[in-house]
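A quick write-up on the structure given underneath.
Letters A, B, C and D mark the chains as written, and numbering starts fresh at 1 in each.
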Amino acid sequence: MTAVLVVEQCLNGLQLGVMLFLMAAGLTLVFGIMNLVNLAHGSLYMVGAYLSVAFLEMSGSFLAAVALALPATLVVGMLVEVVALRSLYERDHLDQVLATFGLILFFNEAVSIVWGRAALFTSVPPALGGFVEILPGIRYPVYRATIILVGLAVALGLALVVSRTRVGMLVRAGASNRTMVAALGVNVRLLYTVVFGVGAALAGLGGLMAGPIYTVQPGMGEEILILVFVVIVIGGIGSIRGAVVGAIVVGMVDTLGRAFLKPMLATVLSPPAADSAGPALASMLIYILMAAVLYFRPQGLFPAVRG
Amino acid sequence: MASRVRAVTAVAGAAALAAVPVVAAALQEPFYLDLVRRVMIFAIAAVSLDLILGYGGMVSFGHAAYLGIGAYAVAVPALHGVHSGWLQWPLAMGVSALAALVIGAISLRTSGVYFIMITLAFAQMLYYLGISIEAWGGDDGMRLARRSRFGGPVDLADPYVFYYVVLALLLAVLALGHRVIHARFGMVVRAARSNEARARAIGFSPFRYRLAAFVMAGAVCGLAGALLANQTEYVTPGFMHWTRSGDIMVMVILGGMGTFVGPVAGAVAFLLLENVLSAWTVHWQIILGPLLILVVLYARRGLWGAVSGGSLGRG
Amino acid sequence: MSQVLFGVSLRVGAGQVVTLLGRNGMGKTTTVRAIMGLLPLRAGRIELDGRPLHGLAPHRVARTGLGLVPEGRQVFPNLTVHENLVATAANRRRVGAPWTAEKVFALFPQLAARARAMAATLSGGEQQMVAIGRALMTNPRLLVLDEATEGLAPLVRAEIWACLERLKADGLSILLIDKHVDALTRLADVHYVLEKGRVVWSGPSAELRAREDIQHRYLGV
Amino acid sequence: MADPLLEVRGLRKRFGGLVATDDVDLDAGEGETLAVIGPNGAGKTTLIAQLSGDLRPDAGVIRFAGEDVTRLDAPARSARGLARSFQITSVFRDFPALDNVALAVQAHAGHSFRFWRPAGADRALREPARLVLEQVGLGMRADVVAGVLAHGEQRQLEIAMALATRPRLLLLDEPMAGMGAEESQQMIRLLGTLKRAHTIVLVEHDMDAVFALADRIAVMVYGRVIAVGSPETIRASAEVRRAYLGEAS
């Protein structure tokens, strides 16, 4: 286990964490202010990935694909909110789970009708190809480094919007008391639709960036969605800060566990035992972490203030 | 009045299920035998989920985990040459109960949306665990060399015998569930769902009772998993995939939760719908998805609720 | 949903301070919620300057110029004092000199020092001031206060009354729910007494002061 | 005087900047009815919640029948004989009235890990429940689903559930809230009959009820108990009038 490998895996963990954060931000905001459990958030991630692939093929330009796919995902998100989810805010979580489960089935099938069931592969845009020397002797793919930077920039921007702007104040105020926000003259319905759309666009951004490094296929949203649930449970529902911390922690633990658990076990167990126990344990690591966090803090690390 | 309608429908349903093999034999369509057996196995799983979801208000989104555990509890001993159902099936129920005990003890510390996410996450953990265990076939799973062996006339290789075993177990589970839910234990679980603060104020600590119900539901679903392994004669981590948990939950809601016949009716409706729609188009889920949303928006009490006028928490 | 109000009629003239009086559970808060569009009406009309408000969504009602100071204050606990004031601020009627956070701080000097504090950490009196300031920042024509002095210490209460006096002097119309008859007869012009969802008495302050029987029977004084 | 049944010392609870109960001392002697009055927001419901175990105090001690129960949760306190009613009606809405009360009986009849015998045919639960229902005047309504009972009846049902736990102390949080005049009179009569056999801590706004029932009255304002005394002394106290009835001067 060399230092280079450790640094590289840490960066990979950070990169996964950043992707998880893009998903978690929308999900936690939507839950925090609208009290809506949206299982279909992963579908929006998938829609973002497919749309960017489609736009890339049409335009041939990565930038154009980004410029088209993000607003398109935003619109898809707002449509979903208006058509299917708006009337579910007052319902109990079970109804929300069921309806958004229905949405997942719909979206997964819809993309497989349009693009087929087979995975699509896209390549890293040429401008972001190659490697960059991050530390002396440590080279890291430019594309993955870009994801980290974009993700951190979005996190920072989102934190600023939520903490400094009027819209951010309304979002926080709505989380604690939506009736009062409405009674003071704010169109809460519209606010919700916009917030939902922005959450969708962030998920779409995640999907868009995921395209070239993971596979684009129906159901890709759910795999990451469940990781995102773990993120949110660890971080505390409704808290942006919790989403950041939870995402980085989960991204790191998962990546490092998969990379190093087996060799570490090999130092104490026999090689065949380590071979079989390593991957099994690595796949369970974040869930064990979640259980541990819950045991000590059932509300997550950063429980959101609610009125 | 409503209770009479319910009783009549329930008896008629049981009689219809008992008649299926006869009809299938007469029509020379063994496929129906297979299909209805599968329906009944999922009905057992759905009934077990309804025990905690409908009566206990615990929205467990990881119920397929026990289905998978039960199935592996048949396939893993079989892999090592142990085919006795007397060992496999109690093992399925025991290990499922143990898993439910651990998962429940952690997730019942929370409530609401946390509970949903945590149960989902734990089930998904077991799914990935299944994938990562190469010795048990990893992603591909295992073929079951032969069905569980019980000796005597109970030979599951005979599709008719297997059918009636499943039917008997379904009826037994329904009967047991009915007793439990109306006994003191069931009253506490239902009361805690109805009004937790009130339940605590009159002196109940809901946690232990909920956990016990959670474990019972896990064990019964583990049994359904053992049956499912025998039904399909192979086992994969896919049994535990979260969409499977979603399917079981849909069956319960579709049929009408908090009732006894509801989950059975839901399993029938769901699997028949799947059968009909998938014969029509491979993209049948594009119809099922919006259908689900419509059910949630406009038919919350489910099929059985609409038929019998039964309502939540009783029946 | 059971019926709680039975044919309640009341009017607030421009620049007037009007009160709704009555014991707990007599329908005062329900009346306010109905006016604000937070509860559906079974029958009846609500108008502001002749424009109908009934049937409008709460945010539309508020935008016509109603500023609500709700029962129990309901400040946003996870926002700072300053954020509470500016988050929903608006000048939809384009008044010449709109309310600003500075003006609110001038009205309640003790809030200025706590501008950056989370509203959850304020005392009850300070939270009440935030709630009033927050409503003022929407530049309403009619300020609606539901139990604005409930549970406050006498000195703080006096400060709230004094603030309302000043707002009245500036020409703001005010609809007030409260229990402190003595203070109200000094501040308000007209009173409506509610009993079990009906207006059982209404009249000017001088008359209410004289009618000790009304005060005893319906207000429990 | 013998040791009081309920003894509260230095009870304190804050919510952010709000002091809901501020150094509260209270006693309720065996068989006594103690009324707690005060304006809304004075901290009365918070006090009840701390006495019943639904809220944990920041500081202070609650002793019940000589035992320190400060750290016990609500079910544990219920087991020791502390029963409460809620300000906002809280019943099992989808169960019949009789089942509501039978559940309360069941909660105090040993553990409920009994999986076989139908509770609905269990005379050990149904008989006492029926008696209590009759005691509060709901005997004829036993089979009606609680959610469809009239508001006043639901409040009576709450009392019945509290009684069915065979409590030593009843904590009643505004039992008359939202009642019409006639229903209130009925409730006062009911509480009047209970008063002889039970110790009661009563939070109430209805002064008719308070003066009809209370042996002693505690006045709470801004989280503090500013006066405790007999109804006559409380009625006469200028301080109470000023704080509670709102003369600002």
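In this text, a contact is a pair of C-beta atoms (placed from the backbone, for glycine too) under 8 Å apart; a residue touches a chain by one contact, two chains touch by 3 or more.
What you see is a predicted model, and the numbers here were worked out from it, not measured in a lab.
Listed by label, which chains are in contact with chain A and with chain B?
Correct list: empty, since no chain touches both.
Measure off the straight-line distance from the CA centroid of chain A to the CA centroid of chain C, and report it in whole Å.
44
Could you grab the centroid distance between chain C and chain D? Build each centroid from C-alpha atoms only and quote it in angstrom.
For chain C versus chain D, the centre distance works out to 32 Å.
For chain B versus chain C, what separation do you get between their C-alpha means, in angstrom?
For chain B versus chain C, the centre distance works out to 55 Å.
Where the centres are mean C-alpha positions, what is the separation of chain A from chain D, in Å?
Between these chains, centre-to-centre, one finds 48 Å.
Taking the touch definition from the header, please name the shape of the chain graph: line, ring, star, complete or other.
Shape of the chain contacts: a ring, since each chain touches exactly two and the loop closes.
Which pairs of chains touch each other in this structure?
Between chains, contact exists in these pairs: A-B, A-C, B-D, C-D.
For the complex, which residues does chain B have touching chain A?
Residue list for chain B touching chain A: 53, 59, 61, 106-107, 109-110, 112-114, 116-118, 120-122, 124-125, 128-129, 131-135, 242-243, 246, 249-250, 253, 283-286, 288-293, 295-297, 300.
Taking the complex as given, what residues does chain B use to touch chain D?
179-180, 182-188, 190-191, 194-195, 197-205, 209, 212, 311-314
Which residues of chain C touch chain D in their complex?
Where chain C meets chain D, its residues are 2, 23-25, 72, 77, 118, 120-124, 126-127, 147, 150-154, 157-158, 161, 179-183, 196, 220-221.
Which residues of chain A touch chain C once you look at their complex with the stated criterion?
My answer: residues 166, 169-170, 172-173, 175-177, 179-188, 304-307.
Going by the contact rule at the top, pick out the chain C residues touching chain A in the complex.
36, 38, 57-59, 61-63, 67-68, 70, 74, 76-79, 83-84, 86-88, 90, 92, 120, 134-135, 138
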